[in-house]
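The data blocks that follow each hold one structure.
Two complexes are shown next, each including chain A; its partner changes from chain B in the first to chain C in the second.
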Partner chain A sequence: MSTTAASPHPTSIPPPPPPPSTNTAFPFPPHYHYPPFFSLQPTASTRLSQLHSWSTLIQSYCRHHRLFALSLVDALDSDLFWNRKLGKRLALRDAREVIAWMAGTEGGERAEWVDGTGKKGRGEEGRCWVYWRRPEEWAGLIEAWVDATAQRGTVLTLYELAEGDATRSQEFHGMDMELLQKSLQVLVKKGKAQIFGSDDQQGIKFF
Partner chain B sequence: MFLRHLDLTTALRPSLHPDETLLFVQDAVGLYEGKYKIPEYQNGHAYLTSHRVCYVDNEEPRKNSVAVELKEVDRAELYAGFLKSSAKVTLYPKESKRSSYAASPRSSLQPSPTPGPDRQSSPLGLSSPTQNLANATWVCPICSFSNPVPSNFDVQTASARTVLPPCLTCGIKPPLVHVVKAALATMSNRTTSSVDNRTNGNDVPSGAVSTGVGSSVSTSSGRQCRRCTFINHPSLVSCEMCGAALTTAPDPRIERVGHGQRNESPGPSRELGDDNSPVESIKLSFRAGGEKIFHERLKGSLIQRKWLLQSDPMVPSASSVTPISDSRNAPQPGSSGTSTPDRAKLVGIAGLELRGQELRRNNEIVIGNAFEDLEALMTSAKEIIALAESFASQANISGNSEANAILTQSTSALGLVTTKDMLGSGSESLYLSELSRNLAEFLTDDTKGVLRKEGGIMSLVDLWAVFNRARGGVELISPSDFEKAAQLWDHLKLPVRLRRFRSGLLVVQGRDRTDNKTIAALLLWLRDLHDEPPEEEVPWDWRMYGRGVTVQEAAERFGWSVGVAAEELDMAEERGAVCREQALDGLRYWENWLVGIPGVDTFQTWI
Partner chain C sequence: MSTSRRGVGLAAFSNNSVASAQYATHGTNIRAAHVDSLQTQISVFQQLLHQFSITHGKDIRSNPTFRAEFARMCNAIGVDPLAASARKPPTGTAKVVEGAAGGIGNLWSQMLGGSVNDFYFELGVRVVEVCRDTRAENGGMMSVGEVRRRVQKGKAIGGGMEVTDDDILRAVKSLEPLGSGFTIMKLGTKQMIRSIPKELNTDQSTVLEVIQVLGYITVSMLQLNLRWERARAKAVIEDLLADGLVWVDMQCDEAEYWSPTFITEAAGG
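What follows is the complex of A and B.
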């Protein structure tokens, strides 16, 4: 029924996804149809397993729909957190816990609060990155593509990377600009690329 | 032969015979045979019951526990202890061989026991009923002073017009019924005892039989008044304090049965005597005190000879029925005369109704009589218990609740209890350990099945209530003592255990009942739910996941109380066997599919 839910460990890199197909329905894992899945468990071991399952579900759901960030309040109304057939929904507080766990080292840092902490009272009600690929992994993918297409030394615009025809077959095609920036910063820090330009018209040169 | 093997209950206390009652318990007791210590029998509990003296070893209770039958004990002596030597109670066995063979020379050699029966038989056997009435007393219901019944008072002719003297102390006139009852009670007691004494005097050579009563009453303690317990000088015939006659036996009915029994006993005891190596004496050494009370109660039970009652339990009812009917008739003369012919005439429903009425009236009288005073309650205990049981069974038919079922058991539990005054040296720890054993027995007793009815587990509070109820409202146990006693189960290695749930709830369950067993039972149930379709349509795949259960359902299913069920489910959840679903309609527990993939049998891991 689902290959995506079968890998319980979130730190392992998920296999390459099927070509982006937003129109096909996401195959939910069996847990999704299990009512207790929507109540966060108090028992440590069960809870850990449950958080793993949620983490896997969120990542694969986001990859399927090519979502790079979630706004929790909106997402709670989506299929991801709301099983309409069961009439069960993960509570906002529990969803926050799931994301917080994913963001921590225990969850493999598979998520990150956009505003830094995700705490209430900062105006932003929980918008978060979902790293079904971590920035380092994105950086690795981009670097590998640059290598493969022999474009070292050339200058590419960020728009070209994300939306250009040349990257259409690549996974990072259509990537969120902010996340792309983050990923490229990784390369910059390693000294493998340099970003220049301003605001909308940024370019990058790979060394 | 003198020391017999002792059967122990599950809680390592002596298992008592049906009519046996526990009188006293003392710890830190050692056993001596003659002058010498018996090895391995040096640290244990001494239990004094109405029938036996039991020693239960602390270290090896199953192996080193012995009992001495009181019927084989001739007398008991108290040694007060000196410097490092602890106080001891010495039990001398009856020398059955010699006493039966050489009854006559012994009786002439030992003149001291003989006065007992002589004293009893000579004045009383010849006494007329009017003389008896001179000794009769009625207890004032206002000030509880014992007044003599006027010598010219005649039960037969007494009526509402009879002038009764007021109480000597408070000056209040007694109700007529009261005095009639007192007079009748005295009369019936005297007549039975005098008859017995006469037959006794004819059949049995007096010296051979009288040893137990005669020696202990007259030699060591003077003559204790039966009514006020004052110990009078031996030569007095009536009590200095309250004026009661001192010549009566402790309980005339017991005496009567006792004499009847003893006529038959020499046969078997002689056989026993043949292979009997002469044990001179058994000593109990009391290293932690308590010897005085032990000795006193031992003397008491040697006198009472409860073991003789066993053979003829019907005596109390036979002798106490007469006063009951008399006392009913006396205050309302004429009523008895009319009722009997009426019943003969009436048939059909009216007859049945009348019979029911009669029965109820009789019950009323029995109860009324029994609760009038403590003495009466003691003597008519058997009737009252029978009545209570019949009431309880009637209540059961209509109510049929578990509490009622336990109440019916309460009467039988009366004899089983340890009370504070049974224990020597006032030591708290002994009381608690005895209470603890008591509780364990109560719980594991198969006939009561207290634990079984509660699904093998019950909260400590429930147990406390049931136990105190079973004690019949006397000698209730304080909650703190109760908890302390329950905590001793582990220490005493008893077959029940106290468990503290996460929430702090204390429950009681059998030692063999582990968490894993509970979980296995829960999972088995949840697995069964995979096969039976839910009552209403459910959106999930019930064949795969089964369904969630509520605490109430679990409580119902396993016969637990709701609190216990919640705790057990929490425990199972904590162990990862089940998980929870917080829904709008409450909390439900599911088989845990969050850990482990569906299809893999989680159940297997819990067996």
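What follows is the complex of A and C.
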């Protein structure tokens, strides 16, 4: 969270990349080492608490590894859904349910299917956004950074925002382009920014 | 000489009764004096205890070892800190307690200026919070140690509290008059806090105890070890499952039932 505070001098020597790096091992929560955690529980109240825990786990895992989206089929083979030490893994069907719950209002809309609503007709290639920050929250962060660096009125390219040296200390540095677009659209809708340019070279101006 | 003291004739009888009456009054006097001096002693002691708790109030609240020793001292002299909680002392005893002007409040809070009592009530609130937060996960049953860990971590404002298991038990006891349904039950060697007022039957507590020992249980394990019929074992487990007291792991040959208390313990292993 502390990284959200923008440095007042964007042109000074860039500080090291944001703390949540992929170098250190992700500290899994205690639930991860509890075998029944990998089977969705039949009791409603228990299941709800389990879904909560899964949602927290997925969000913090993605945040740690700076993943903005998951492809379920691939993710199922990753540590996130498969505890190899225990020999337990979350089944695809259960994982879909977890994501679906996260995407709903009950789960705080912390996920979203990339290809529409994740209907069965879409096949099993479900890709989903994991919103450890929701687009509105990203938009807020970016806006705050623009404010803090007094860049209102100037034009920035999207590439600059996501990959530029100036944003290296920011949490949105290295952000998924598609998600960046989504987040900026929030600002556009509010009339706080305007996006222009063609597909590859888009720029944005903040008002 | 000895005969003269006993007296002769009818007067001896009245003499006798006069003597015993005198003995009796003397006895009452002595007893009254005793009571007086004891009461003075007690009130002096209580005053000192009061002083002590005021000067060391901060330590009592912040230092668990100190608090435990203090509680032990109170117990030793027969002052149960929480026994008098939440009920007015009978008017008879209220006299003894120094400064019981209104007769309201309990012995503990009057003597200790409320700070120690407040400590346990505050802790009680934390315990309730922790139990409520985790109720969905563990079906309203938590080991005292786990509650302590969570209270110590404390995400509430003001951070965690330094407490011992003993403090937790005391705090839960202080909740009793509220009819909160918080009870302490023994499960094997562990003390558990039950935050849902629902009795477990013998079969259920047996199974939970076995789980504490073995880590998990399956229907056939119950059949083998307890010589239960399959239907009985199944029914018990299903009840526990429905109450959220066990979690099921279906990725095995036979469904394994685990106690949620292992969620935190599994992390170590």
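Assume the second predicted complex is superposed on the first by the 187 of 207 C-alpha atoms of A that agree within 3 Å, B and C clash if a C-alpha of one lies under 4 Å from a C-alpha of the other, contacts with A are read in each partner's own complex, and residues count from 1 in each chain.
Just so we're on the same page, a residue touches a chain if its C-beta (ideal position, glycine included) is under 8 Å from a C-beta of that chain, and two chains touch if they have at least 3 such contacts.
All figures in this text were calculated on a predicted structure; none of them were measured in a lab.
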item	value
Combined model on chain A where chain B meets chain C, clash or fit	clash
Which of chain B and chain C A:42 touches, first, second, both or neither	both
Contacts of A:33 with chain B and chain C, given as first, second, both or neither	both
Region of chain B that runs into chain C when the structures are aligned on their shared chain, from 25-33, 43-51, 205-213 or 547-555	547-555
Residues of chain A that lie at the interface with chain B and also at the interface with chain C	30-31, 33-39, 41-43, 45-46, 49-50, 53, 87-88
Touching residues on chain C, where the partner in the complex is chain A	134-137, 139, 216, 241-244, 247-251, 256-258, 260, 262-264, 266-267, 269
Complex contact set, residues of chain A against chain C	29-31, 33-39, 41-43, 45-46, 48-50, 52-53, 87-89
Contact set on chain B toward chain A in their complex	539-541, 544-545, 548, 573-574, 576, 579-583, 588, 590, 592-595, 598
Contact set on chain A toward chain B in their complex	30-31, 33-39, 41-43, 45-46, 49-50, 53, 85-88
